[in-house]
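Got a structure for you, questions after.
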Amino acid sequence: MVTAGVIGSTGYAGAQLVSLLVNHPHVSLTYLASHSYVGKRFSSIYPSMEGSCDLVLEEEDLEKASKRCSVLFLALPHGLASKLVTPEILKRCVVIDLGSDYRLSDASVYTQWYKCEHGSANLLKEAVYGLSELKRKEVSQANLIANPGCYTTCSILTLAPLVAENLIDTTSIIIDSASGVTGAGRVEKTDSLFCECNESFKAYGVTNHRHTPEIEQELSALAGEKLIVQFTPHLVPMNRGILSTCYANLKEGVGEEEIRAAYMKWYAQENFIRLMGSTLPETRFVRNTNTTAIGWKVDPRTRRVIAIGAIDNLIKGAGGQAVQNMNIRFGFAENSGLATSVVNPL
Amino acid sequence: MVTAGVIGSTGYAGAQLVSLLVNHPHVSLTYLASHSYVGKRFSSIYPSMEGSCDLVLEEEDLEKASKRCSVLFLALPHGLASKLVTPEILKRCVVIDLGSDYRLSDASVYTQWYKCEHGSANLLKEAVYGLSELKRKEVSQANLIANPGCYTTCSILTLAPLVAENLIDTTSIIIDSASGVTGAGRVEKTDSLFCECNESFKAYGVTNHRHTPEIEQELSALAGEKLIVQFTPHLVPMNRGILSTCYANLKEGVGEEEIRAAYMKWYAQENFIRLMGSTLPETRFVRNTNTTAIGWKVDPRTRRVIAIGAIDNLIKGAGGQAVQNMNIRFGFAENSGLATSVVNPL
Amino acid sequence: MVTAGVIGSTGYAGAQLVSLLVNHPHVSLTYLASHSYVGKRFSSIYPSMEGSCDLVLEEEDLEKASKRCSVLFLALPHGLASKLVTPEILKRCVVIDLGSDYRLSDASVYTQWYKCEHGSANLLKEAVYGLSELKRKEVSQANLIANPGCYTTCSILTLAPLVAENLIDTTSIIIDSASGVTGAGRVEKTDSLFCECNESFKAYGVTNHRHTPEIEQELSALAGEKLIVQFTPHLVPMNRGILSTCYANLKEGVGEEEIRAAYMKWYAQENFIRLMGSTLPETRFVRNTNTTAIGWKVDPRTRRVIAIGAIDNLIKGAGGQAVQNMNIRFGFAENSGLATSVVNPL
Amino acid sequence: MVTAGVIGSTGYAGAQLVSLLVNHPHVSLTYLASHSYVGKRFSSIYPSMEGSCDLVLEEEDLEKASKRCSVLFLALPHGLASKLVTPEILKRCVVIDLGSDYRLSDASVYTQWYKCEHGSANLLKEAVYGLSELKRKEVSQANLIANPGCYTTCSILTLAPLVAENLIDTTSIIIDSASGVTGAGRVEKTDSLFCECNESFKAYGVTNHRHTPEIEQELSALAGEKLIVQFTPHLVPMNRGILSTCYANLKEGVGEEEIRAAYMKWYAQENFIRLMGSTLPETRFVRNTNTTAIGWKVDPRTRRVIAIGAIDNLIKGAGGQAVQNMNIRFGFAENSGLATSVVNPL
């Protein structure tokens, strides 16, 4: 039994994580912290959790928390975690950061995209990028795990086999993604109001979304050379889900067969990846699960592959993958607390 | 040509009003004020209005505005308008208040429901309750017009003929209403976030919603006796629309025929009321219009009438009725700037 | 381990049931039948279930199925089940009917509301109305269990303590309900198209909805006298959820205290009922769970109680209660396969 | 005053067109035909149109209709119009076809993408592709106008200046689009049910959507060489709107300045095109209008332009452009019956 805590537990990612942890067979959830709701019961903020999680929300005190918990999850706005984590804390407990502070291994890239200095650049070399399927070994030994972004998880998993197996022109990668509104967090801002999102569709963060360097860092590592990608997110009037439609020019001689073989080689054994071939994924097919669904089409007219991935942004894109990483790190079955079977088809 | 201004123009009701006024054949819109966006162009807040309304937003200064405009519309949170309107202003220009400050003729009722003192109780006797179809004469002579609430408009119009013609037991009236989320205004609060409203349905303000005393005031006047009603609003995950499902016990001897006759007598000649009989209204049937659609069923088993009204809460429930009242007050055709024909069936 | 089958497995209620059964610790799901998709894998219709349920859909043959299964669930349009069930089948296996054929104990009431003859009126005396919380003993011994309707479950559970404890005037009951669109089933009809439901709200079945006699039958039994209710359903643009806003006049001397005491007496020990007091339920609080959430307000002005219940129409209103009934019937823990904890707060 | 008729008037595109025509100052709408609702009033199918359009729906008889009308609009499934239109009909009246039959000038391309023979290939040379802004002269003289597809209109208008001014590598064009569900028509199919679309996002028609050859035909003409494009549509859970996110590699020496200049040169004078520069369009900005909104970003890292266009698929993408074409053909002001000002900002 592992004692666990969550800092930033009342945001959407944090709350999703909490709901997974309270059902986890090897976890004892003992500490929940919140910036805005100290002293209230968690279930007074999320009434659906009444009876499941009635812990009282505490101050965000990483130092203290690290003495009470074996694993601490951070779900904070960027720039905060890196000011709180210290080498001492990492000696006492495993930190899994759902935020962006430890995802980029190069602090200057962080500064370039986030427009602020990194608070603990010295810890970056200890941090492991926790894309579970691609980093099992590293995650299993890390005390500081940087949980990947939601768009990032979906996009990297969809493109990894194509890049790693050298099937596509890496200068041609375009990732056109769309997310449900939970991706914007539980933040009181006009843009996230019901009537501003409902019945509309838009692109945002065009050319400068902060998930771009994450995708480039990881795909570059797989390619064995530095590559850059075009990444464009969109906002969909729905609660959950991310779909990434990825375009790339095929290398000469590459066709449907090679693409399929690459996906099979990389993912056929994966518990949380569902290869759908030419039956393309829809976000509802993975809603409320930790599964990544991937389909693809080769276009003989244009000599491109269009590979499409779908995840639940709050689960595989946040809380679910965080649990998956904890499972790997602590030696639990990787799917503990993460049913692959959807509870509800709708 | 009437010069018009709107104070509180960037909220949802205000913006709807603006979009109607810029298309109005007899109005020159010359003054728009906003609490939060002074100095910005209106169309920078509502890009759909670019080219239609590019006025720069000014400070909210009712005094000054009243010297520039013949009619001023106020769309402010409750408690503000009553602090701003003065007898001098009313001498210079017509004020149409979309807020609640001048709707209740008894200041003590206001205090009881709004939990605050009225800012200009002396003006209440000059104010006319602007439910256009029922108060044409009064509106045509008023300098201070209290535009009714959205739920109120829908509920009163649906029940008025039944109450006035003495067809129902006035102790038995239950009004079960539901509104789209624009009814909550363009306010940054957690409850109005997309993910808090979407895919859910709830009641709110049960037993104490502030539209209750308005409904009671007007229906009592029609009944010729003081009555009270049960009013329960609900929130629907959609942008626009109000549906009021009204229940009442039939008086002895009253049946389908009397009900129909009452509606015909009261509304057959009304431009903005569509009687649908037993074909019940849906909110989409009146979306983007100033129309009130009303249908009804008599239940022989329970001896009740169920009368259902539908409006667009931002038009007939706010900006549209405000324009209708202006039309009446200034002697324009009542439907000027208020097409009865829906632009789009979906 | 119980062998189970579902007939009508690809409708929304059936599919929800399947997703619960495949995760049930004591069930082996061995037979799925479908009217439209014979020969296809269940997961080809519901791709989210790939890997969880890949059974091939078979012909709807109750006779054969009853020889292979210990429990058979029927999720069929009304009028079909009653033509298929026979005394012989009921000797071989337990039948839990999610449809309406065996809910009304009086065949003439069935004919009156459903406008057709009952196909096996002789079996009605064997059928038990499976509202789990109210009928545990009967359910535990029945071979033919009539799973209640969705509106019915929500409305009866909300009103039962008030009626049974004699706190309200039973001639004054008005039930104003609203449901998500899964309630209309997976049927290709214009009314259920996205663009016909989205951004609108309507009442339907006013005065004649078929769940009315069910509610009256069960509440009458609790009241010890025949009562009738006013029931009005509405359609909400969301997938799941039912909210019932119930109105009744308080009997003399009854107030907040008596109401609360009644709810506590009846439900304080119930696993699947959450009493929220004056914190009113929203449908999202129970989404994806088998829980019924109930809140209430006493209105001293009108001397009425407004009691509000919320369920997930596909779970407590269909598949979940069916599993709960199976658990009771076969002596499993009542919550087997029915986590009370929500997997996801959103 | 022009007499007009609509065949296929009860589908979503047809109904939108009807609602525009009844408000058109120079049109007398005299004939409405429907496949499914002959004998019913139009407003019984679309109750929001009661009082605005109560015409009785007639049989679909193009021959007869052409004797009663000066302009006939066809809104039919593909393959039907080409079997009905004859040279004789075109002598008597102007035909504006909202379907796809006359959009492709090469019948073999039609056969390749639509998998059926063209019904009147001899008329293709008379047909004009009615993308109003690009084909005014041709439209003004045509008797057979092929109204463009919805995705097509949005995509071509967004890319035309870039292609025509030789600013982008025409082998690199990727068009990633998304549409509201009205795009699927008012057709009873499972895929269009509320619960199958709501809360999900998917791609469809990947590599083979039938709007592809239209886009290629028109952009090729502008480029002066045959080009092919990658086009991927997606489905958004909303009623109306199309957004096209278009990617292309910039030619050497081309930057932000040249892109802007091209858009200004082509569209600065256009009534129905709103250039938004780096303020990117959202579909709600053009909802219920005939406007195309276009924004763009140049990405210096990738040397690509991302140009984004937004339209209302039922107006500029169907009925509105059909009216615009009629206006051009009959010499009316181009914006007759097509207010540029949105009626409602939400």
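Which chain is which? They are A, B, C and D, in the order written, and residues in each are numbered from 1.
By definition in this document, contacts are C-beta pairs under 8 Å (C-beta built on N, C-alpha and C of every residue); 3 or more make two chains touch, one makes a residue touch a chain.
The model shown is predicted, which means the values in this text are computed figures rather than measured ones.
Between B-D and A-B, more contacting C-beta pairs join the chains of B-D. Ranking all chains by how far their C-alpha centres lie from the centre of chain C, first place goes to D. For the pair chain B and chain C, the distance between mean C-alpha positions equals 39 Å. Centre-to-centre separation of chain B and chain D, using mean CA positions: 37 Å. If you average the CA atoms of chain A and of chain B, the two centres end up 46 Å from each other.
Counting partner chains per residue, chain C has residues 12, 182, 195, 198-199, 237-240, 281-282, 284, 287, 346 touching two or more of them. Against chain D, the residues of chain C that register as touching in their complex are 12, 181-182, 186, 188-190, 192-199, 237-239.
Residues 12, 15-16, 18-20, 22-23, 46-52, 182, 199, 239-240, 274, 276, 279, 281-282, 284-289, 293, 314-315, 339-346 of chain C touch chain A in their complex. If you check the complex, the residues on chain C that touch chain B are 174, 176, 178, 180, 195, 198-204, 206-207, 228-230, 232, 234, 236-241, 243, 245, 247, 280-284, 287, 297-299, 301-302, 304, 306, 308, 346.
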